[in-house]
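Presented sequentially are two complexes of subunit A, the first with subunit B as partner and the second with subunit C.
Showing the complex of A and B:
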C-alpha cells in the first residue's frame, strides 16, 4: 500500500561547534502513519526536524522529504508540508481571520472549511486579536493555519506543550481527522506519553543524539519487561544480563527491568532460584523512563526494533 | 449498541486490551447480543480519540478468539458462541482469576462460604439475563 517513503534520513550527523547533537541517525517514515517522536530534552528532536525542513544544514549525511533533498526543497514541495514549530508563534496585531488570509496567500491550496472547522473546534472567533489569545487558543490558531493548506506531511514540534487537557484533546482529534485521508503522514514530538499512546502508530526514540527505537507502541511495551523476583533471604546481586536497564534490591525482592527478554534471559533469572518470579506489565511511561533513564545500557535494541511490518 | 467504552491511556493495560475487556464483559453480561453489530472502527476511534488501528487490533483479537465475526463489507458482529480455546487454556484463564479472587478474599478475611455464595449469585445473575437472540 505504501508508495515512496515520506521521510528518509540517511546517516545524519549534526554538530553545533564541538557539540554533537545528532549522531549518525537513520530513519525512514512511510506514507500514511502517525509517528511519535520521543526523547528527552536536548536529544536532537527539534534539530532533526529543522534539518528535515531545510532550515538547517546537516554536518554529515542527508535527508529527503517527499522525495526531495531537504537542502534543496522547491516551493511546490514545501507547500505540501505543514510545519508547526514549537511555541505557537502568531502575529499579535492580526485578527484570527487576518492570520488566515495572510497564511492563505503563501499556499497554492487553501481549504477555508478546514481552517474554520479547526477555529470553531478551539472556540475561536474570526475577529479575535491573535495577541489576546490564551496558549491553547493560540495553538488552535496555529494548527488551523498549518492544516488548511491540506499538507501531505504534517510535522508538529511538541504541539501539546503548555496546553490544557481540553485543548490537548482537541489537538489529538485534529490529528486523527487529518489522517482520515489515506497517505497523510504525521510526525510529532511529545513528552506526553499518554497522548502518544492514544494516536501514534509507531514511536521513534532518540537518545544521546542517536536512534534507540523505531517500532510500534505495542512492541515497545512488549519488549520491555519488569520482573519481580522474590527470595526467602537476601536476594543476590543482579546478574549481568544483556538488556538489563534497571535493577533494584529490597530485603526480599529483586526488581529488574529488561529489554528484549529471550527464553535464555528468563532461564538465567530462574537460575538465581527465586521463590517466585513474575513479569509485570509496564505503562508506556514507565517503559520509556526505564529505557532512557540515567541508568541502563545504551547500545542495544535498535536493530531488533527496526523495520516495518 | 449499549457499549459505554472508557479508556485510560496511562494504564499498564494497553488500550486495545482495555477495549477487548469491555466487549468481553458486555457479551458475558448479555448487554450485547449475538448478531449485534459493533460500532465501525472509525466511529469508535473518533469517539474515544484514539488511533483507528488500535480499535481494529482489538476487534481482530476478538475475531481470532471467536467472540466476534467480520462479515465482509458489512462490519463486525457478535458471533454465535463457539469454543476456540482448549480445555487447558480455559482452565489457565480461569485459574488466574480464581487466584486473584481468593487472594483478595483472604486479605479481606472473607470466609469461603461468603465467597462461594457471591460467586453463585453472580453466576445466576448472568444466567437470568434474557437469552441472546440473533
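Showing the complex of A and C:
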C-alpha cells in the first residue's frame, strides 16, 4: 500500500499584513488517510487549505500536494484534487443538470454515474434550479460536483458550515458514505470535533496559528483528563501545573482539566489536600472545547453573591 | 474554455442588454436634441449628427461606463472567497480562465456599447431621420469612444482582479481614464484610436497577470507585471489629469492679458486691451482714448466694422504651408459645414462636405438629400458628384450664395436657383483667399465678398457685382494677412495689413500693422500705422500650473526631442509645436524644464531612502530610484503603490524592523522565536491507520 505523503507542510507561516495567521506549521498527511483539521474560527485552517491548493502564497515555508509544490500546481494535478470550499457556491441560475455539465467540461475523468448517484442520494432532481435548493441540498450538489471527477485527494473546508444540526448530521453521514474510497485521502476541516470524530483517522488541532495536536481521536481522548477536587473549605487557587488547560473554583470544589497527565501531576494535585479527588469522564466534545477554549482560572462563589463570609 | 465563455455570457447578458437599451435610447435622444433649437432641427451650434457634442458626451461616458460596469460585474460577484477559490481550482491554467471571461466580456461589451452605436449610425445614414447628410467619416469620434470603452472594460476586469488597497486597485481605472483623457484631446483620430487600443491591450495583459496573483506582482508572469507597471505608470499620470481637472473646476484663473487692433465705423483703427476677458481700454493709434460718446468703453465694440481676414499670406514665396484647419477629429466642422447654422425655418439646408469637397442640399421637412453641387455644377441627390479641387476656395455669403474660386476663376453660385455665373476678375489671378465683410446699416447688414488677388483686393456685393478694387499699398509678402471692411456709407473701404503668417512669431510681434481707408477706386484717403501690441499672457489655473510641472521628465524631454527632430526633418506640425514651446514661450518652457527636473530629483532621493529603510533589496533600490528620476511623480506613485515593498515587523531580539518573509533578521541575524511549548501539546506520530477498502 502506498503511504507516501499526499500533503507535506514544512514550516509554513502566513501573515496577513503584519498579523501572523499560521505560525511555523509542519504536517504530513499520508495517502489513504482521513484527517480532521480542527480549530476555532480564525485559527488558520482555511488559510492553510488555500495555501495547500495554491490559492494563496505562503509568507515563509513551503507546502507540497501530490508531490508538487503548491504554488505551481499544474491543471493535471488540480484535476486529481477535489476541493469543496466552505459556503457551497453554485451558480444559482443553472439547473442541477447544467451544473454537472458545466463542471464536467473541465475534468477529463468525470464520472457521470458518481454524479448521478450522489444527487440521487441527496434527492435532487436534475431539472431543479440550483438557486432554489435548500442549504443542505446545495451542499449535496457541491459534493456531487466535487466527487464526480474521482479525485485522489479530497479537501473539504467545513462542509457542514451553516447547516442546522439535523442537516449537519445527515450531510456528514451521507458524505462519509459516498466519499470513503480506498486510497482516497481526505482532509476535512471543521471547528467542531463531533463533525469528524466518527470518520477521521487522525485529527490536527490548530490554535493561535500553531499546531497543538496531531494524533488519533483515541489518543486525544486519552490524553485529556478532568478532575474534581472537593474541599471542606474554600479551595485554594489552582496551582501552576504542567498541562493545565483550565480550572474552575467554586465554594467547595476545584475543577481542573489537564492534558498529558503524568503521575507527577497527580501527585501535585494530591498535595493540595482535597477531601476527595475524582477523575471524571469527559465527552469528546467537552474535551475539545476545553482544549481550544480560554485558558486560566474561573471562579464562582455563592457566598459572595449572598454577602456571607 | 467554451463552457466558461458560455457561463459568462449567460450570467451577464442581462446587464449587457440593459446597458444596450439605455445607451441606444440616450444616443438617439442626443441625435435629435437641439440646443436652442426649433422644430426643424436646423440649429447646428452643437455640431452635426454623429459629431454633436451631446451625442459624443453620451458615447464618451456611456461607453466608458458600460465597459467598466461589465468588467466589474464579471468578476466582483464571484470574488467572494469560496466562489473565487472554486473558480480558480478548476483544472485550467489561470490564463484560460481570464481569456474565457475576456472573450465573453468583449462580446457583451459589443452588445452593450457597439450595437447602440451601430444603430445610431444606421439611424443617421437612413434618409428621413436626420436633417443632415450622412458622412461616413463622422463615425470616427463615436468609434474612438467605443474603442476607448474597451480599455475601460479591461480596466474594470483588472480593478476587480487586483487585490490590495484601494489606490492599488484603482490604478487600472486611472490608467484607462488617463488614456481616454489623452485620446479625447488628441487631434488625430488615428493617434487617438492607437492610444486607446494600446491601453486596452496593456490593461488586458495586466488583468491576465492579476489573475495569477492578486495582491502582489510576485507570482505574476513577467509579461503581466510588465503590463501592470505600464498601467501603474499611466494610472499615476492620471493624478496630473485629476489635478488639472480640479484646477479647472475650482481654481481661480491667473491674470490674462491680450490686445488687438480693429477698425471703427469711421475708418479709424482702435486698439482694444483686455484683462481677464474684460475690455479695459480702447485707444487710437496715438494711444489716446476716443472722445466721442458712442466710442465710450462700454459700447465701442458695437461700432467696429464687420471685417474678416481674406488671406493670411499672399502667394507662397517661402514654401510655407499653413494648416488653416484644425484637424481635431471630434469636431463636426472637420467633416461637414452647414451653410447656415441658426434656427430660422428655411426650405433648403446646404452643407459642405469636406472629405470629397462638394455641397449637399437637404430638405428640412422630408429630411432627405435633394441636390448636390460639385466640380461640374449641380447634380441630383443620387448622382456621383466629382469633388471640387482641393485648391478651390469657397466663400459663403449667407442666403444660399456662394463665391467659388479656383486658382484663376471666380464663380457666383445661387443655391436656391441652381445658378452658376462666372464673375470677371479686375486683375489677373491667382486668387489667394476670400472673406466675407459687412456694414451695419439701419435696414440690416449689407454683405460683401473680398477676393484677395496678387496685387489688389476685389470687393463684390452679395449680388456678385464688383463694388471696389483696392490695390495693395504695402509689401504684401511680409504684410500678407489682409482683412477688408466697409464703412456704413458703403463708399469707403478699409484694408488692414498684418504681418504674414509665415513669419516667425517672435519677429511678427515686433512688426507694426497698417490700416488704409480707401474709396471704391482704391484711392487712399487716410493711412494709419498701428504699433505692435504686447505679447498675450494666457491665464492658467493652479491645476494646470501644477500638472504641467509634475509631468514626467521622460514625457517632457522626450516630447521636446520628438518635436525638435520632427521639425528638423521637415514636419510643419512638429515645427509649429516646437516654436510654440521655444519661440515666444522660451522662458516659460525653460522654467518648466527646471522644475520638472528638480521635482524628479527630490522624489528620487525620497525613494532611495524610503526603499532602503523598508529593506528593499539593493538592486531594486537603485532600479526604483532610477525609475523615479526618469518618470518623476508618476514613478514615485508607482513605487509607493506597486513597489511591493517588503512587509516588516519589529524584531524581538534587536527591536529593529525585520522582513516577515526572511528566516533571519537582516539586522541582527536572529531567527523567529520558537513557539513555546506549554505541555498541552498532543503530538503522536505513531503509524497512521489506513482504512480498509470500503465495501
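Convention: the second predicted complex is superposed on the first by the 279 of 309 C-alpha atoms of A that agree within 3 Å, B and C clash if a C-alpha of one lies under 4 Å from a C-alpha of the other, contacts with A are read in each partner's own complex, and residues count from 1 in each chain.
The rule is short, and it goes like this: contacts are C-beta pairs under 8 Å (C-beta built on N, C-alpha and C of every residue); 3 or more make two chains touch, one makes a residue touch a chain.
Computed from a predicted structure; not experimentally measured.
Peer 1: Which partner chains sit in contact with A:197 here, subunit B, subunit C, both or neither? Use first/second/both/neither.
Peer 2: It touches subunit B, and subunit C stays clear.
Peer 1: Mind working out whether A:78 is in touch with subunit B, subunit C, both or neither, as first, second, both or neither?
Peer 2: second
Peer 1: So in the superposed three-chain picture, is A:34 touching just subunit B, just subunit C, both, or none of them (first/second/both/neither)?
Peer 2: Once the two structures are laid over each other on A, A:34 reaches both partners.
Peer 1: Thinking of the overlay built on chain A, is A:172 touched by subunit B (first), by subunit C (second), by both, or by neither?
Peer 2: A:172: touches subunit B, not subunit C.
Peer 1: Under the stated touch criterion, which partner chain does A:276 make contact with: subunit B (first), subunit C (second), both, or neither?
Peer 2: The answer is neither, since A:276 touches no partner chain.
Peer 1: Look at A:57 in the shared chain and tell me whether it touches subunit B only, subunit C only, both, or neither; answer first, second, both or neither.
Peer 2: second
Peer 1: Is it subunit B or subunit C that touches the larger share of residues in subunit A?
Peer 2: C
Peer 1: Looking at the overlay, does A:291 come into contact with subunit B only (first), subunit C only (second), both, or neither?
Peer 2: Touch status of A:291: second partner only.
Peer 1: Who does A:221 touch here: subunit B (first), subunit C (second), both, or neither?
Peer 2: first
Peer 1: Could you give the residue numbers on subunit A that contact subunit B in one complex and subunit C in the other?
Peer 2: 34, 180, 201
Peer 1: Can you check the complex and tell me which residues of subunit A touch subunit B?
Peer 2: 34, 169, 172-173, 176, 180, 193-195, 197-201, 217-218, 221, 280-286
Peer 1: Can you check the complex and tell me which residues of subunit B touch subunit A?
Peer 2: Listed in rising order, the residues of subunit B that touch subunit A are 9-16, 42, 45-46, 49-53, 57.
Peer 1: Along subunit A, where are the residues that touch subunit C in the complex?
Peer 2: 1, 3, 13, 15, 17-18, 23-24, 30-34, 46, 50, 53, 55, 57, 59-60, 71, 75-76, 78-79, 81, 83, 85-89, 91, 93, 101-102, 105-107, 157, 180-182, 201-202, 205, 210-216, 219-220, 223-224, 242-245, 259-260, 291
Peer 1: Show which residues of subunit C lie in contact with subunit A when the two form their complex.
Peer 2: It comes out as residues 2-3, 7, 10-11, 80-83, 85-86, 88-93, 213, 216, 218-219, 647-649, 660-663, 672, 674-675, 678-686, 688-694.
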